[in-house]
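In the two complexes that follow, chain A is the common piece, with chain B as its partner first and chain C second.
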Partner chain A sequence: MSGTLRTQVGQLARRSVLRTMRQPAQIVPALVFPLFLLAVNSGGLKDATSLPGFPTDSYLTFALAVPFMQGALFSVMNAGTDLARDIETGFLNRLALTPLRGAALLSGLLAGAVVLGLVQAATYLIVGLTAGAELAAGVPGALVIVALSISITVAFGSIGLFAALRTGSGEAVQGLFPLFFVILFLSSMALPLDLLQTDWFHAVASANPVSYLLAAFRSLLIEGWDPGALALGFGIAAAVLAIGMFAASAALKTRLVRT
Partner chain B sequence: MSKDGNEAKGIEAEGLVREFKNGPRAVDGIDLRVAPGEIYGFLGPNGAGKSTTVLMLTTLLPPTAGTARVAGFDIAAEGGRVRGAIGAALQEAALDPLLSGREHMRLQTALHGLAKAERAERSDELLARVGLSEAADREVGGYSGGMKRRLDLALALVHRPRILFLDEPTTGLDIQSRTALWDEVARLASAEGVTVFLTTQYLEEADALADRVGIIDHGRIVAEGTPAELKAEIGRPTVEAVPRDPADQERVARALQPFGEEAGATRRGGASVLLGGGESQLADVVRALDAEGIAIEQLQLHAPSLDDVFLAKTGRSLEGAGEEEAEAGSEEMEAVRA
Partner chain C sequence: MTRKIALAVAWRSIHNFLTNPAFLAPGILFPLFFFTAFAGGLSAISGAPGFDFPSGYTAFQFVFVLLQSAAFGGVFTGFGIARDFETGFAQRYLLAASNRTGIVAGYVLAALVRALITWAVLTAVALVAGMEVGGSAVDLFGLYGLAVLVNLAATLWATGVAMRVRSIQGGPLMQFPTFLILFLAPVYVPLELLSGWIHAVASVNPVTALLESGRGFIGGEATQVAGAFAIAVVLPVLFALWARGGLKRAEAAG
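So, the complex of A and B:
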């Protein structure tokens, strides 16, 4: 990375982090809502552990993977809404008048998502473990969970950037939230894939990448170390990030019509 | 002289056109020559094409047709070099309400590639120059409109541009903030030789600040020259009579008709006329109104103004045109953002 690009990314990352830290309204729901759902689900669905083949006797441990995904969904909204606001207010035009590179803009904006992802992952993990969840992979596993959570947050954040650049509207970005939540529910969120009895649901959940992201978290929480599950989880995050950044870069070229 | 030899180049445009899909021809063949160090006032109502012209000249919007060179660089083929030579404060002060003034300066100086050691010094210098040193560490969300505009100007100057574009920089500001901004713009041109391209819908702003004025209406330049030249073109004073009873407005207009070219109804419920015979006709005007038995509330003689120039060139008053075209202007900006 050249010095200029590094400076640009660094400065935009700093702005993105400052913006994130100065908006408690962005951080608090992303922390509280997934933990609230964790409490409700782990209480209401604990009898599922008695199903033959359920991988653990602690539903809390099984369900603890879900907040990491829900937190990542908030990053779609936050990253996208911030960029949409820059478009709406003309701040993007201000940036366009500088020698700013598109790659620096996108990378810098995602830095805010990294910070949010870090805070979220640490909070979910601490609250979950305090409440009695198990972590089979130990302390190194906790670090991998945080790394995976940040990777997924950034990957989903890139989709938020694409949506913002394509629509230029914060409302349109926020409109994606219910859609992503449906995708989350159509996964192995509540039960392991092999215990899903309804054929169509099993088929949809098996094709849903979110199921494999959840499986990567669960491998660390329940089993210990499963390189295959982790590789699939990180691989899917990398693929989503690559697609998101490619789409966002193309949309940025259209949005920034500077000559 | 710079390596590119373009240090002393201003702005030149020929036949600049911008059309929007399913929309109006926002800019309809503009020719411009702005000399280095000159303050050029681009005067017109909302929706006339001022902001679209600025967006094209600052490379943020490709022209549909025509050519322009800014600081000697082609706006279509050398966008990066144009942006390196210009500073711009666009129509709305696009600031991040969650960042402080100093954080804005830090970001802007870094993105413009100033050396790390120079960034803080340049930021402090400019914040002091626009009177924001004390407020520099406060979040911009708490700034007044005037403070935001001043910060906007400081941000446009971080890389010492040779040409500065200011798109309606004083719209919505109180008179004190407006005067302070005028002083700084005038100082930039006179002391630092910065070329200033300033759009405005305020007559007094163009009159007070601009070396030359271009009047734009419906995307075309309808008049151009120094304020004095433009007013001399009109050359005749206007007399405005406001009746005590607003119902007498038409009678006033009829009484004034013989004295010259009708200038139309006024905002205060009166009528006005361009005196064909000059100020000496004022006594005759008073006698004519008296003969009609019209009770007059106010009678005023106006020296020629830029509004008279606009009226003479377009058949409409600038202020009235602004209200009439505000909706068109807003549609135009929406099209730019889309």
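So, the complex of A and C:
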């Protein structure tokens, strides 16, 4: 990375991080909402552990994977809404007058998502383990969970950037939330894939990448080390990031031409 | 006169709901989505020891989603009221209406029509999906009657908030408590299968009685009917006072 690009990324990353940390309205729901659902679901679905073939006798451990995914969904909203606000207020137009490079803008904006991902992952893990969840992979596994969580948060954040650049509207970015919520619910979120009895639901959940991201977290929480599940999880995160950044770069070019 | 005001306000809200896909789609699609996700994705739960709901898991979840859509139909109407205040339309209502209670009545009527449309779609989808109905026509009348009262209570709650905050920023204040009280009830399994803190909370949550009674209606084994209807009648009365206070605040603010 050249010195100029590093400076540009650094400046925008600093702004993105500060803006994220200064907005409790972004951080608090991203922490509280997933933990609330974790508490409700782990209490309400405890009986699922008595189903033959359920991988653990602690539903809390099984469900602890879900907040990491929900947190990543919040990063779509946060990263996208911040950029949309920059577009709506004309800040992006002013940036377009500078020699700023597109790669620097996108990378810098995702810095906020990295910080939020770190805070989220640490909070979910600490709260989950304190509440009695197990972590079969031990301390190294906790570090991998945090790394995976940040990777997924950044990957989904890039989709938020694309949505913001494509639409230029914070309201339109917020409108993506139900869609991502649907994608999360139509996965192996509540039960393992092989316990999903409804045929069409099983087919949809099996084709849904979120099921494999959840499986990567669960492998560390429940089984220990499963290189295949982890490779799939990190691979999907990398693929989503690549697609998101490619789409966002293309949308940025169009947006800068428009302005 | 009050009736005319109510009908005029209701007509505008219903027209907005039916002609704007951004309002219509979430109102109908969200309950369908929850029904699909819960009834489809969690059907294996019916195999858990002690789960013996006679009409199956689809009907079990249908009741929750019906009451949830009733509550959120009211909350979404509250969003509309807040939007009317932001755009200044509600202030024009306040200026024009000789009896302002008619404005609240109009919003309540609109919320009910909106909920009825959602329930028609939800019920049709549930029946196509193979939902078993063990209850009689009278039982089903009781189930939908409960849903109407829940819709009324939620609308009055959201109206009270919207008229106090008078901005869409009050949305989370309308939505989050509703979400909280619904999900702290026995959503996935009957109350007796819950344990620990969630059992303790669900046992004192008034929504539990509504859910258990609704499930009794659809299963053909009516239960807790008097208690559930008592709660379902008291809640709208309390929230009517709350909404009335909100209206007075909005009047005072001008």
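We adopt the following convention: the second predicted complex is superposed on the first by the 257 of 259 C-alpha atoms of A that agree within 3 Å, B and C clash if a C-alpha of one lies under 4 Å from a C-alpha of the other, contacts with A are read in each partner's own complex, and residues count from 1 in each chain.
We take it that a residue touches a chain if its C-beta (ideal position, glycine included) is under 8 Å from a C-beta of that chain, and two chains touch if they have at least 3 such contacts.
All values reported here derive from a predicted model rather than from experimental measurement.
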Looking at the overlay, does A:T98 come into contact with chain B only (first), chain C only (second), both, or neither? first
Go through the superposed model and pick first if A:P227 touches only chain B, second if only chain C, both, or neither. neither
So in the superposed three-chain picture, is A:I87 touching just chain B, just chain C, both, or none of them (first/second/both/neither)? first
Chain B versus chain C as contact partner of A:Q11, first or second or both or neither: first
For A:P24 in the superposed arrangement: first (chain B), second (chain C), both or neither? neither
Where on chain A do the contacts from chain B and from chain C line up? none
List of chain B residues in touch with chain A within their complex: 58-62, 75-77, 79-80, 82-84, 86-88, 90-92, 94-96, 98-99, 103, 106-108, 110-113, 139, 155, 337-338
Where on chain A does chain C make contact in their complex? 36-37, 39-41, 43-48, 50-51, 175, 178, 182, 185-186, 189-191, 195-198, 200-201, 205
Chain A contacts chain B in the complex at 4, 7-8, 10-12, 14-15, 18-19, 22-23, 86-91, 93-100, 168, 257-259
Listed in rising order, chain C residues that touch chain A in their complex are 22, 26, 29-30, 33-34, 36-37, 39-45, 47-51, 180, 183-184, 186-189, 193-199
